[in-house]
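So that you can tell them apart, the chains are marked A, B, C and D in the order they are listed, and the count of residues begins at 1 in each.
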Amino acid sequence: MSRPVSITLQSSQDGIAIADAIMADNPEATRNAFPAMIKIDAPGRLTIKGDTVSELLGREWDPQEIHMSVVSLSGSVDEDDGSFTLFWR
Amino acid sequence: MNIDIQAEAIIPRRQTFSHIARRFGVDKPASRYEEATFDVQPTANFHYRPTYAPEFELYDPRRTKIAMADWYVFRDPRQFYYATYNINRAAMQQSFDDAVNFVEKRDLIGSVAREWRDRVAGYLLPLRHVEWGANMNCQLIADWGYGTQITSAAAFCGADRLGLGQVISRIGLVLGDGSDEELVAAKQRWMEAAEWQPLRRLVEDMLVVRDWFEVYVAQLVVLDGLLYPLVTDAFDRAGAAHNGAPIAMLTGFLTDWYADNSRWVDAVVKAAAAESEGNRAVLNGWLDTWGARAADALAPIAGQVLGDMGPAAIAEARAQLSDRLQKLGLSFAKELAA
Amino acid sequence: MATASLHPGYTGPVRDRIENFHGAQLVYVHWEGHLNFCSAVTLPLPASTPFGALTAEILPSIYGIDPDWADVDLGSARWMLDGADWKPDGARPIGDQGVGHKSLIRFWTSPTGQA
Amino acid sequence: MVARKLSLKQKYGHFTRGMDWEPSYQAKEDIFPFASYEGIKIHDWDAWEDPFKLTMDAYWKFQAEKERKLYAVIDSMAQNNGQLGITDARYLNAVKLFIQGVTPLEYQAHRHFAHLARHLPGAGLRVAAQMQSIDELRHCQTQIHTISHYNKFFDGIHDFAHMHDRLWYLSVPKSFFDDATSAGPFEFLTAISFSFEYVLTNLLFVPFMSGAAYNGDMATVTFGFSAQSDESRHMTLGLEAIRFILEQDEANVPIVQRWIDKWFWRGYRLLSLVGMMMDYMLPKKVMSWAEAWESYYEEAGGALFADLARYGIREPKYADVAKAEKGHLTHQAWTIFYNYTHAAAIHTWDVDDQHLAWLREKYPETFEQIYQPRYLKWREQAAEGKRFYNNGLPQLCQVCQIPMVFTEVGDPDTISFRVSEHEGDKYHTCSDGCRDIFDHEPVKYAQAWLPVHQIFQGNCGGATLPEVLDWYHINQGADNMDYAGSPEEAQWDKWMEGRRPPLAVAAE
């Protein structure tokens, strides 16, 4: 079984949209709500697609904006032009 | 009535922290700048000597020849603490981004004389490596400087230098139509071209200086004090003859930054010089040594850009810096001794 | 093992040498079975201090605030010095009975102290 | 017209390490003299992968936005007497410990990440280190600005930096950080970025922030949340740095393992103060120390070390001891502060019945048997007007500098005394973990500035307690002593009185 990666986001407008996008693009992800926070776990790998978040927010969202919403994460990070990925090597 | 009782009950018992009150008085609410930058650095009772320098304490005023009775006289006139610093720089960056968009959308670079555009790429882009060296020098000051006031401002300046290097790199991408060819070529000039070697040697030599205040003087007072006026003033003026205005729009960030940073540099140097005759002698010595080397290192670059007018531009920069330092209580010869 | 250092011979000030204590030496004392006193206490005592002065004056000044102390008979206490059983003589100086700089004295009392 | 747009990765490469060059006028080892003395072998600095590709333009933009939001909350807190929103004035003692013990470390982290940003030979790591350096400065300054408002009304906060250099219990965090900053650059990375930030930091921040949230301290929640977005970057740096070092050379593995063992134990001992804060200082509880340790160390750490096993790294030595001690640690730490509240810049108090019930529930195997009787005995003494204060000064551990209160695993009645000899002197430690650290580098730990010994050497203002407290800048009778009878208690009661519904006032 692959080891879980996770990301914890603030329950802000952007954070909720990011969480929704993750759930749409990563079928194996599970979502848990905490006071003021959302924690999402996924086995092995989790990708945030800039396009999906942009569509949900109705504006262009750059994956680097993740810095505004992230609370904690677990896993290695890969940042690309259109996406932000957590994974274990 | 009930409200009155409440309001009366909620009376602050003190206005600020004790270490701030000892400096500015107990009754005065302190500014955020003061609370963020005064006396936070540990000064006593260090547990272990550094394994890389056991002759010093972890924070040690003896890491420079400059001596101060109080290290908290290096007040930053901009009163930067982290929030105000970042908000200020985000606004400067926004102006730069707007300028880049403006220039790119209208393809204004295409309107600059090709020859001048190449010359700009020639002198401007290698300077990102100078910024990289300046960045390391600022980190050294943040590492070994003494007192929260100087180290936090130096850390901001260090971040500026990384940002400046990136601004210049971005201009390189604009000049290269989005490709990295110009950046690659500029790095090659920095490494190999004869006219750049004296400056690269100067930058590398600064990286082995261990007195943090000497690094401050060599980089922030002398090299910046000659290089920035040359690039943002003399070179830009030369570009005016070649329809260089769009490029001046892009280098506006450098001009604005230098004006802003100089306010802090002047305040620091002035305070150090005012402290003692001994400090003044040390500072003047550093100004002489690094002043001569910097002028020599910049001469071939000025010559490359301005041709015969190069020496005059260097002399003008020296004279400007000399006037500036004179006002700060220091002496810097307008002309180099033959 | 040596601390890894840029240059060989890394060293720094050793702060707790006996000569820094103005003629006293440090002695740690712990009353076993009474962890309402969170830890052993540190006492600066000249080596010439008679053991009897420790028991008659110093320890009561520390432990007297515990109601159990009133019932303690130090004459029947069990003592340990630096990890070994110890039979101190009240009349002799502690320094003559093996108490050195930073020695640890532990003692067990009855009836309240567990052995 | 932008025909050949670079990818984010290519662009980031040019914007960071592309500005670096191989020096030829000065030797690389003269520019970076500290890179090899720890025995760590790096063959290819370019193998360092930058996890985040944050350039200064984005950094300024994001950080400016975060700061605008944060300072709006701080301003509103000051304008609206936000201190009235906390659950109880006792809560503030957690904040006091934080600004006295942690905030100065944030500043020191700023300085030492600048050290790495200057002295590591790898350009990519230098860039990551300098962003962390200014982030740490941010955390220091935002904490000062947030807590500045509480300082206007509450005691024990007013001279935090002076106290950090002097006060006996603050030598615990100070010596921890001095230990890291006096080491070489790779040990510092392992100590702070990996062992502390990656493995243990959640234990500091998450309970502290949620504790603040549960107890009405909105300002602290806001700076905590805001700082946490930087922490994610720092944690990632810690994990990637350790992987990078381990992948570079097999010979690095045993060196790094020893550092992980050492810094796990150092960090764990430091966190005993945090655990005490969680279990004793929060009027409204979030989770117990034992629960936090289970979820943040035993589960998350277990998965991490399973992953690092491929490099030959095993779980930190004595992690089993930490697990075995979790039902005792915080109660023993509270005992220290209850004993010495007369010499501390925080308050302690009688643990009330409701709180005792919570502790019994959370620590079913240890609390009722061992610690509750102790507290009830103190309660009795206090009721007789003889509040228990320890008149002696504690014996301190030479390494962690916490009073030697910790007991043998499996024997909670017996203090764990360990001793080593070095150059004819004895050095006492509180545990096998601390003794191992001493024995490995006695020349380093023999230098420790132990507050109790310094008092007896006459270096702390005088021979009497009031003189020493003056030297600490403790406002006697306000900063120190039991919460019961403190000016803070009187103030709080007065405020709460003022908040009685008007009807009750009318009824009087």
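A few notes on this one:
Keep this in mind: a residue touches a chain if its C-beta (ideal position, glycine included) is under 8 Å from a C-beta of that chain, and two chains touch if they have at least 3 such contacts.
Source: prediction; values computed, not measured.
Here A-D and B-C were compared by C-beta pairs in contact; the pair with more is A-D. Spacing of subunit A relative to subunit D, judged by their CA centroids, is 29 angstrom.
Work out the mean CA point of subunit B and of subunit C, and you get 58 Å between them. Subunit D has its Cα centroid 31 Å from the Cα centroid of subunit C.
With centres defined as mean CA coordinates, subunit C is found 58 Å away from subunit A. Within subunit D, the positions touching two or more other chains are listed as 33-34, 37, 65, 183-184, 444, 447-449, 454.
Residue positions 3-6, 10-13 of subunit C each touch two or more of the other chains.
Residues of subunit B in contact with at least two other chains: 48-49, 51-52.
Checking each pair of chains for touch leaves A-D, B-C, B-D, C-D. Interface residues of subunit D facing subunit C in the complex, by the touch rule stated above, are 33-34, 37-39, 183-184, 187, 332, 335-336, 338-340, 374, 377-378, 381, 386, 388-396, 403-405, 407, 413-415, 417, 419, 423, 425-428, 440-441, 443-444, 446-450, 452-454, 456-458. Contacts from subunit C toward subunit B in the complex involve residues 3-6, 10-13.
Note for the complex: subunit C touches subunit D at residues 1-6, 10-18, 20-22, 24, 26, 28-30, 32-33, 35-44, 61-62, 65, 67, 82-83, 100-104, 106, 114. Of all the residues in subunit B, the ones that touch subunit D in their complex are 2, 5-6, 9-10, 12-19, 32, 35-36, 39-52, 58-59, 81-83, 86-87, 89-91, 93-94, 96-97, 104, 107, 128-129, 131-132, 135-136, 139-140, 142-143, 148, 151-152, 155-156, 158-159, 162-163, 165-166, 169-170, 173, 177-180, 183, 187, 190-191, 200-201, 204-205, 207-208. Partner subunit D is touched in their complex by these residues of subunit A: 3-4, 10, 35-36, 64-65, 67-74, 76-81, 88-89.
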